[in-house]
Structure formats: C-alpha cells, structure tokens
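Input: structures, listed below.
Same chain, two partners: chain A is paired with chain B first, then with chain C.
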Partner chain A sequence: MMLQIKPILSALRRHKAGALLIGLQIALTLAIVCNALFIIQQRVAHLSAPSGIDEANLLVIQNDWANKWTTQETDVQVRTDLVALRQLPGVHDAVASNAYPMRGSGWDQFITLTPDQTTPTGDASVYLGDEHFLDTLGVRLVAGRNFRPDEVHPIGNRENVMSPVTIVTKTLADKLFPDGEALGKSIYAMTSTPTVIVGIVDVLQTQSLANWQMKHAYESLIWPLRAASGTGIYYILRAKPGQLAAVRKEAVKTLYAQNRMRIINNDGGVLDYTQIRQRAYDSDYGMAILMGIVCAVLLAITAAGIVGLTSFWVSQRRKQIGVRRALGATRGDILGYFMTENLLISLGGVLLGVVLAIAMNLWLVTRFEMHRLSMFYVLAGVLLLLLLGQGAVLAPAIRASKVSPVEATRSV
Partner chain B sequence: MFGYYLDLALRSLRRNKVLTTLMILALALGIGASITTLTVLTLLSGDPLPQKSSQLFYPQVDPYPKDRPFSRSGEKVPWLLSYVDAMNLIHAHKAERQAAVALSQVKLTPQVQGEKSFYADGVLTTADFFPMFDTPFQYGAGWTAADDESRAQVAVIAGFVNDKLFGGANSVGRMIRIEDHDFRIIGVLGRWAPQPRFYALHLGGRNYGKGEAVFLPLQGARAADVMPSMMMSYGPSSDMQHLETSQSIWLGLWVQLPGAADVSAYKLFLGNYAQQQVALGRFQQSRVALSDLMSWLRDQQVVPDDVRLQAGLAFGFLLICVVNTVGLLLAKCLRRSREIGVRRALGASRGAIFAQFLVEAGVIGLAGGVLGLLFVLLGLWGIRHQPAPYASLALLDVQMFVFTFVVALVASLIAGLLPAWRACVVAPAPQLKAA
Partner chain C sequence: MLKMTHLAKVYRTEVVETYALRDFNIDVKEGEFVAVTGPSGSGKTTFLTIAGLLETFSGGQYHLDGIEVSQLNDNARSKIRNEKIGFIFQAFNLIPDLNVFDNVEVPLRYRGMKAAERKQRIMDALERVGLASRAKHYPAELSGGQQQRVAIARALAGSPRLLLADEPTGNLDTQMARGVMELLEEIHREGATIVMVTHDPELAARAQRNVHIIDGQVVDLAEDPRFHHAVHEARTGTPA
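This part shows the complex of A and B:
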C-alpha cells in the first residue's frame, strides 16, 4: 500500500481544491467535536458527583407560616410538627432545616482558624438541624460524635445564634486542618465566638452547585440549631425503603392537621430527590444533550460530504481505473488506492484539526472559565474522524473497485 | 438571462437529487442552529429600555475596608450601596431623577375568606422609580417623595396581581395585606417587564422573566419589617435587625442624567462624595464607578455563559456546513466541464458562466433558508419548553426572519464563489476535443 502513496499524491495535486476542502472540513469538525465531547464529560462529571445522602428515600417540604409568630411560638409549632412527622408509619426520621443539599443557592459561611484572620481558609455550606439531622439525611459519621439533644437551640428570623459545637464534612476538616487533627479544634465563622468541631461526616453535598462554589465543593458544616423562622423552613423526611410515595401522600396532610396556618406550595412545595436533581442539573443535562446532538449531526454532515466528493472522483476517473485494472491491478489495489487517498487527506485534516481544537479550547478557557482540554479527548476525536473518513469512503471505493477493465476501451 | 440561469440551475439540481438534498439539508441545519442561538442571544443581550437607557446610570462607591475588599482581587467596586450612602446620594438631588431599589419576597394575604396566603416578588424602591423607568399605569399612579419621607404604607401592584386579586377592576384605594400589614393600593401597572431585568441585578432575583407583583415605598415597607432578598455585610456592625444603620450593602441606585454635561457633573459629585466620606472616616477608599445601563449589563455579564457558548458553537457548525457545500458544489461543477466547454464555445462569456453557477448556489441557499427557518421555529419551540427563566422570550421577530434568509443567501453565495470561478476559467477547446 505504501508504494501507492507517490501516485496518490501526484493525483491529489490535480484536484487540490477538493482535497483541501475535505481536509478543512475534517479539521473544523475535529476541533468542535473534541471540545463538545469534553464539555459533555465535564457536565456529566458535574451532575454525577455524589451527594452523600440517602437520595432514594428523601422528601423535602418547604413550609412557610401564614401568620406572624415569635421565635418561641414558631419553635413550639416546629417541634409539634416534627413529633407528628416522625410518628408517621412510613417515616424513618425527620428534621427541620434551613436548606437541603443541591438546593441551588443557600447560606455559605467563610471559615477562619483565628478570629482576626482576614482571608478565609474555607467557605462552608451551612446546614441547621437537631440531633436527627445525620440520621434523616443518611450521612455517615466517620469521627467524633453526633449532637446531644441539650446542645440544640432554636434560631429565628435574622437571629445571630452562634453554636459552640459543629459537625463538618471530611473535605472541610481536611482543608482547615491538613494534618488530619480536626476533631476538638475551634474554628471561626467571621465572628470572635469559636465553634468546636465535635464530629466529622463522610460526604455532604453543598447547597449551591454554581461554578464559583467549585473551589469549595463538599465543604459543609452542620450547627445544632432548629430552624424556627417565619419563612423558608424545610422539613426533610427520610422514608422507610419503598414507602416514599405513601409518605408523600400523608406528610402534607399531617402538617395541615397540626396547624392550618401554613403555606406549602402545591407546585414545587414538596420535592423528592429525582426532582431536586433535575432542577439542580437542568442546564447541565441540556448542555450535554445539545452537545451530543451537535457532534452527531456534524459527523453525519462530514461523512456525507466525504461520500459525495469521493463518489465524484470515482466517476471522474472510471476510465483511469479501467486502464489500471486492464494493466493488472486487482480490485483490492483500487480499493486500497481510495482508502489510502482518504487516509492521507484525513491525516492532513486532523493535524490541522488538533491545532484548531487546542486553540478553540484556549479561547473557551479565557472566555468561559472552562478547564484545559485533556489530550485524551483530542486523541479520541482524531481516531473517531479517521475511522469516520475510512467508513465514509468505503462505499464509493467499493464501487470503484467494481469498475470493469472493459471501461478502458470505451469512448476512446 | 436570470430566468435562463434559474432554469439551468433547477435542471442541474434535479439531475442529482441526493446531492442536492444533502447540500440543502446541511445548510438548513447550520442556519437553523445559528439563527436559533442568535435569536436567544440577541433577546438576552437586548436593550431593556431603548428609549431611555442612554440616560440611566448606576453609581457605585466602596465602603469596604482595605484589608477585606469586596472582591478577592480588590478590583471590583461593590455592586450595591448601604442604606446611608443610597439615601445621601438620593437626598443630594444631583441627578434629574434617582431611585434606590431592593427586591424582596413578600407574603400576600388575600382579603377574601378561604383564599390562601402566597409569596410574591416585590420591589422596594423610592418615588422616582416609576417616572424614571417609564412604567405604564393602568390605574392610579406611583407615590411621591413626600410619601417616601412619611413612610406611607402604600403600594403599586402589577396588572397580573390586580387580575388575580381584584378581577381586573380598578383597585386604587383598596387595601392589600402584605407581610401582615395593610397597604393602600395607589396604582396598578400595565404590562411591564423589561428584559433583562436590569434593575434587579445582584439584588437576589432573576435576571430575566416576568416582572414583580408589588412595588412598595422603601421606607414604608421597612417600617413594616419587609426584608430585602440580598444583603452583604462589610463590617462588624451588620445587625440584620437594623439594616438602615448596619455596615451592609443591599440597595441598587439608579440615576437619570439626560446630557453629557450632567454625566460629568455627577461623576465629579460622586468622586467628591467618596472623598468626603474618606475624610469623615466612613470609607477607607475613594473609589467610585458610574456606568450607563448598557455597559452595566455588559460588565456584569448578564447573558448566561451557556447561551454565548451555544451561539459560538452554532456558528462553527454553520462554517462547517458552508465548507461542506463548497466541496460538493465544486465537485459538481468540475464534472460539468464538458457542458461548460460547449456553452463557452457557443458564445457564453466567462461572466455568464460565473453568474449561472452563482444562481445555482443561490437557489440552494434559498431552499436551505426556507428549510432552515423551519429548523429555527423548531429550535425556538424547544427552548420555550425548557425551564430556563428566559424560555418564554424565545420568539422569532421580523428582523431575525429576514436575517435568516440573508444568512442563507450569503452563506450559499460564498460557498458558490470558488466553484463558479473554477467553472468560468475552464478552457473550452480541450473539453470539446475530449468529447
């Protein structure tokens, strides 16, 4: 096959423009497909990041109060609600909190190691909850202890209650104390009052999943405070396995039976984690699917372009093919000729394409804060396009190989 | 002559249906993708108040301490103002109009028995908001500066709230219960939802979507304990119970400056104000900023990154489609060298051949444009059914409709240039001899 390269090159010189166009198309397609595949991978990695909680059995109810209460009055009602919810037959455990993982936005708190430190060491997503928080969410305690009931206090609207103890995620603990000795240490949440780490949990996803938060992914902490504010209390319920649907039906009814003066939105007031995930990662899903479609269509168009141009070349050269066949070239030789020709053009195209792909990625990095393209995606794209070229050229090449030697004698 | 070329083009396109379909389809997909994303991009980066935007400015000052700057790099001027600074700037009356804005989630309690309370988006602002932003009123009017000072508990409600609570009747003078306080309705707005919602940036609301339900006087609403959605503290005394005196920023300020002279005068005033605050010890830095509406939107990158990324990608896609069409057209025209030779020998000039092939490319472009338009409509329909806040805005306007065909024609003519040139330089004699 290698022997054929010289005649192929001299033949290509006779239809430079067509060869250049196919090469250019392959280069551009490679540039876009590499980057699109990379974007898909980034989005999929983002949306498949673990949450650390028992998603399959969790239900979140957003509860607002229709009347104006003091913190004490609200707290009494919240405790009554929690008792009623925990008594439901399908409910494993329940907790009142200010937020839930993957909520989209929420409370994040700069954390420092000393009270007068100006640049924060960590940025933690803050969860409030009583001693049932860990059990309800299904978060695994890896060191230390859970909160004691006597450590839990109510917190109302806009009140500044600093709890003396906290439970943090392993990620936050390691960030604050890289030597691994976080348990029992004091940390500061932009105030002079310290809070002591009494427990460390394995994984607990943050509330916000925004890009700026990525530097502080999985940095979460829990304070033993019972949300008792007028707006935005979330009741988080963990159902016993297989009972989520039943709990969903009963929970809101139970809450209204305790007190009618509350607002639970019919639309989006009660969410399970399938819905929460969908809300949180909607743009990621959308982007990944869109990129997938773009890749598929681009590859199809490029393949069609190669088929079209090669078909023309074959019909243009029927006579030459006939002559070659008459002079002893086998069908395999003719097939090989067109395949090699395409391989040469494709190689030129992917070479240019790799440069374009990297340039495009650099532009995306500066404009859209994307990551640097890993070479794996470039190589995968190169392979994909070379295979695509060979696949596309196969049909016209087979047709060329079937040209009968008799053609050489015709229309002379 | 054009009619003849058209006839030739149609004959040629009919001769190879698969290839023609392929070219038209590829072009249409490219057009569909690029125009869909471009429509969304122009909608999202549009001018929310075309008649007024050049006169509207957004002043910023920096009350943050030097060692704990607003942004990590220390370069950004804080997006919002503290209550004290906002009020100082408003009371100075150095602009033709000025209004402070905060957003809030407020609880509305219908006065009808059995109707449940619900939460709605609210704007806390000052009197000039309505005349400055040219808000249309169905009934009544906005409040006055005197109402601001007297902490009047009055409200302007949006048309859709009036429809919901009062069945669309004139509700001016009726009461509405907001956050467990009674507010008197003094105005009902008509449809008003500028996109992007320039005045809501960084205030804790969405940058696109339908407008707010209620508009309340800032001081009156604060007297009823309505809380802003967004608050950032810059100092130790950032008590949330006393927002008016706390070291926190939570208000956006807009000023109307009709002429260039007013703008430079206001800049001077703002700079002097900051220096004065430094002298008083309230500020540590005298940095200020004054952006007009459109540059404020641009600097804050209000258009989502994903939308810009998609638009860029779609035009890359179109480029590939054009390259694809060039290749196919070229192959096609080279194959017709013999026919060109005959036409040239019979007296057709090079120009005539060139024109003939461009017409053929143009026909493909036009067909691609029509099919592309279908793809655009399909694409926009898809976007409207997405949960993005700007989804409902994705509609094709007349400009984009025309632009679709312009893009299709230009793309196809560019694609046709090289093949047409190659066709017109074909030497007739060898072609005839070969035949």
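This part shows the complex of A and C:
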C-alpha cells in the first residue's frame, strides 16, 4: 500500500462541500464531546468526593416538634432523647445537630480574622453539636482537643449564641492561616466576639453541594451548641458495625416512646447515607447520563455522516476505482485511499475541533464558573474522533476495494 | 508476448452457461500491432479484459510475457497490470478530479516510483503526445482527442511491454480519430506491442495483422462461413 496524500488532497479540493461538511461535523462533535466528557468527569468526581464521615453506619432522623416549646423546654427533651438513643444496644453514639453533610443546603458563615474586617477570609459551613459530634460522625481529630461538656450550650431557632471555642476542618484552618498554626488562634463570625480554635479535624464535607460552593466544599466548623430549635432538629446516629438496620427500626420507636409530640416523616424523615448521597447527587447523576447520551448520539450521527458520504463517494467513483485497479492499484491501495481520505478530512476537523473545544470551555469557564478543560480530554477526544472516522469509513472502503478492475471497461 | 491457448470464459447463472470465449487461441509476438475485430457480442471486450488481467478466465492457458497468469493472486495480477500493461480505453477513463499531470502519475505512484523519476517520465510521456503544456489542465478542460492523448501518455509513462487499446477512437470524430491512430502507429514503429480491439474495418486495416472473433472464437475469415453469414446479416438485416 502506498501513500496517496497529494492526489487525495487534489481530489478533495474538487469535492469541497462534502469534505467541509464532514470536517465541520467532526469539529463540532469534538468540541461538544470534549466538554461533555469533561463535565461528566467533574460530576463523577463530585459524586465520589469524600465526606470524611462514617457513612456506612450513619442514620439521620429529621425530628420536627408538634408543640410550641421554649428553647429550654426543647433542650430538656433533646437531652432526654439523646440519652435514650445512646442507650439503644446497636447505637455507637448520637448527637443533635442543625444539619448533616450533603444535606443540600445549610448554615453558611463568613469568617474574618479581625473584628473590623469587612471582606471575609473564609466561608465556612456551620455544624452544631455537643462533645459527641466528632465520635458520632466518625470525624478524625488531627490536632487540639474535642469540646468539653461544660462548653456546650443549647441554641434555639434564630438565636444569636456565640461560642468562645470552635473546631475547624484542616482545609478551613489552612485557608484562614496559610502561613502558620491555626490552633489557639481567634476567628470572628462577622461579630466582635472572638472564637478560639481548639481543635482541627481531618475532613468534614459541607452541607451544600452547589457548584458555586465547590471550592469551599471542605471548609467547615463546629460550634459546641446543642441544637434545640423549637421547630425541629436532626438526630444523627452512628450504629455499631452491622447494626444500622436494627437501629433504624428501634430509633424512631424510642423517640416516640420519650414523647409523642413530634413528627418524623415515614417517607424521608429517616435516611441512611446511601439515600442521602442519592438525593444529593441526583441531578449530577442525571446530568452525567444526559451528557453521556448527548455524546453517544452526536458520535453516532457523525459516524453515520461519514458512512453516508463515503458510501456515496464510493458509488459515485465506482468507475474511477475500476480504472485505478486497472492501472495497478491493489485492493489495499483502494482501501488505503479511502482510509487516508477520511483521515485527512478528520485531521482537518479535529484541528478546528480543538480550537472550538477550548473556545467553548473558555466561554463555560467565564459564564458558568466551570473548570478549565484538561488537555487530556482534548487529546482523548481527538483520538476518539479519529478512530470513529476510521471505523466508520472501514465498511464503505472495504466495499470500494472489492470493485473489480473490469469496471474500467464498462461503458457507464 | 501474449499467448492464449484453448482459453475459455464462461458466465454462469443458475439456469444457463454462456461461453463468451471458447477454445480461444491467439499468439501476439513482441512488436506486433494486432487489430482484433468482430461483431458486437462476439467476445472482443471479454478477450481484452482477460488479456489485460482485468478478469479471470475459466479454462485454458494464458501466457503474458512468458508468465502463466492463471494461478496469480489479485495482488500479483495488479502488479503485472501496473508494470507490463498500458491501457487505452474507449471512454478515455481519466480521473476527473485530477489534472493531466496527476492522471499520468497514477500508475507510476502505484509502482512506488520516486517523485523525481515520476516527474521525468510524466513530462516525457506528455511531450510524446504533444500535451506537455496542458499538464495543469483538468480533463474537462480538454477536447476528446486531447483526453485520449493524455490516456495514451498515461499508458506509455510506465513503459509497458504491451499496449491494450479498447476502441481507442470510438468516442472521437474522424479528425481526432486520425490523430490518435497516427500516434498509435508511431508508437508501434518505435517498437511497442499493441493489441487494439475495434469494430472499425478502416482502423483495423491500418494494423499489421487482423484477428477476427466470432462467437467467442478466433476464425480465419476466408474459410469460415460464419463470417460470411455475419457480413450478410449486417448488410441485409436478415439471417443468411
């Protein structure tokens, strides 16, 4: 088989329209597929982002109150509930909180390093919990200490209680104090009251999963405040290994046994982390699947376009193929001709496609705060489109190679 | 140069076998200019396609330049076509997407010849047919006679051992036909072996030797009554 690039280019110059259309289709497909695959990868990475907690053994109960209690009355009930829950045989520990990781939305707090600072240094997701919080969620303390029972106070709905101590994630600590030790330092939650960092935990994912907050996904802090909101709270329970199903059965019964004046929704009031993840990432799953379908459809349409155009060219050039065979072309030469022709069109298409892909990504970056497209995806897209082109052209090219040289003598 | 012995070509369908060539014998010596004539459907074109290794045959033997070709595979046949045979077709068969230069280059590229040698041969061949100045023109920009000259240049460029011409003037007017014929005669005088299929008796008369085919067999016209019947039928429209 021999290289036939120059005559192929000459012939293509005489068939500009078809070649241009396929080239453009390849370019657009590449631009869209690269960006779509990149978005899928981002979504999948999002899905598998670690939460830092013992997801396998955690259960979250959304507990709303049926009476109108004061904060003190609510706190009494919460403490009673917690004692009862912690005594369940399958329960390792339990805590009352305002939120849980991956809840979808939550309390977000700007953090400053001085009381009069107007621009925040950090943006932290706030968790409330007593000295059982770390143990219940399975969060690892890497520096400092846990809260002491005497530091824990109740907090009601919309109450402004500022705790003098806090535990922060390592990510938040590094963000607030990039040059030094965060432990023992004071921070301000946009008030003049300082909060001293007494502990640093390894990883604790935030409550919100919104795209715009992705860069703050691990900036969390915990205040030693026992959630005692008169409207409702979350009980987070950590089951002993293998006991989650049993705890799920007993926990709600136990709570109702303490006091029936509460509402726990049968249908979404008790969630384990498989369910929480599914709810949290439902739109990501959906987006990834949709993007995948869009890619597959685009690739199929492009492949069909290549098959169609090449088949048309093969039937249009039947006589010409016969002449080439008569003049000494082997079947391999004819096969190579059509494969090379496709490769040249595809190369033109992917070159333009690379520019389009990068331009499209830049637009997405500026318009939707997306990440910069990794060159790996561009290269993978280029390879994919080139292989797709060669795959699509194979069948018509093989048909062309089977044209008999005797076609040269046919009068039509 | 070209020797067919008891050669047969049968086209088979589910219900019928049709002999296009039967017990076909021909021997063309090196340097000969042979015209193959015969009525339509006699097997002239079949003979030419087999002679040019464009088709296989069903039986008998065919030696081309000393090589028995019946057992050759497709690639070997392509190689022989490329190196030993130059084709001149009735419909010229130039590739419309390629200019004159690139058209003449086609068989040389398949031979894997180096670019400099290709260029030399192409320009020599185009000079030979008087079309060197049209190298950058496309076939559609040339007259029929010029296109056939390009086709002859394409056939000559590879220095083939045998030129096969299929009604080379069939698509040309008388003046252009004369020019092409004179070119073929000139090429023959320079030593080429030419086998030309034609049904034009005037053209055939200019060849060195005439071979007549009737019903797929070479016949001696003086002795074969079938020829006289065919002539009668051609003249009167009724069977003899």
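Criterion: the second predicted complex is superposed on the first by the 405 of 412 C-alpha atoms of A that agree within 3 Å, B and C clash if a C-alpha of one lies under 4 Å from a C-alpha of the other, contacts with A are read in each partner's own complex, and residues count from 1 in each chain.
FYI, a residue touches a chain if its C-beta (ideal position, glycine included) is under 8 Å from a C-beta of that chain, and two chains touch if they have at least 3 such contacts.
Note that this is a predicted model, so its numbers are computed, not measured.
Contacts of A:G286 after superposition on the shared chain: chain B is touched, whereas chain C is not.
Applying the stated contact rule after C-alpha superposition, one finds that A:W313 touches chain B and leaves chain C untouched. After overlaying the two complexes on the shared chain, residue contacts for A:I301 are found with chain B alone; chain C is out of touch. Once the two complexes are overlaid on chain A, the chain A residues touched by chain B in the first and by chain C in the second are 15. Residues of chain A that touch chain C in their complex: 2, 4, 6-7, 10-11, 14-15, 319-320, 323-333, 404-406, 408-409, 411.
Chain A meets chain B in the complex at residues 15, 17-18, 21-22, 24-25, 28-29, 31-32, 36, 39, 64, 66-68, 118, 158, 160, 231, 263, 265, 279, 282-283, 286-287, 290-291, 294, 297-298, 301-302, 304-305, 308-309, 312-313, 315-316, 360, 364, 367-369. Every residue of chain C that touches chain A in the complex is listed here, in rising order: 45, 48-49, 52-55, 74-75, 78-79, 81-83, 87, 89-91, 93, 95-99, 102, 105-107, 109-112, 154, 158, 166.
Those residues of chain B lying in contact with chain A across their complex are 19, 22, 26, 29, 33, 67-68, 105, 107, 109, 116-119, 180, 227, 239-241, 305-306, 308-310, 313, 316-317, 319-321, 323-324, 326-328, 330-332, 334-335, 386-388, 418, 422.
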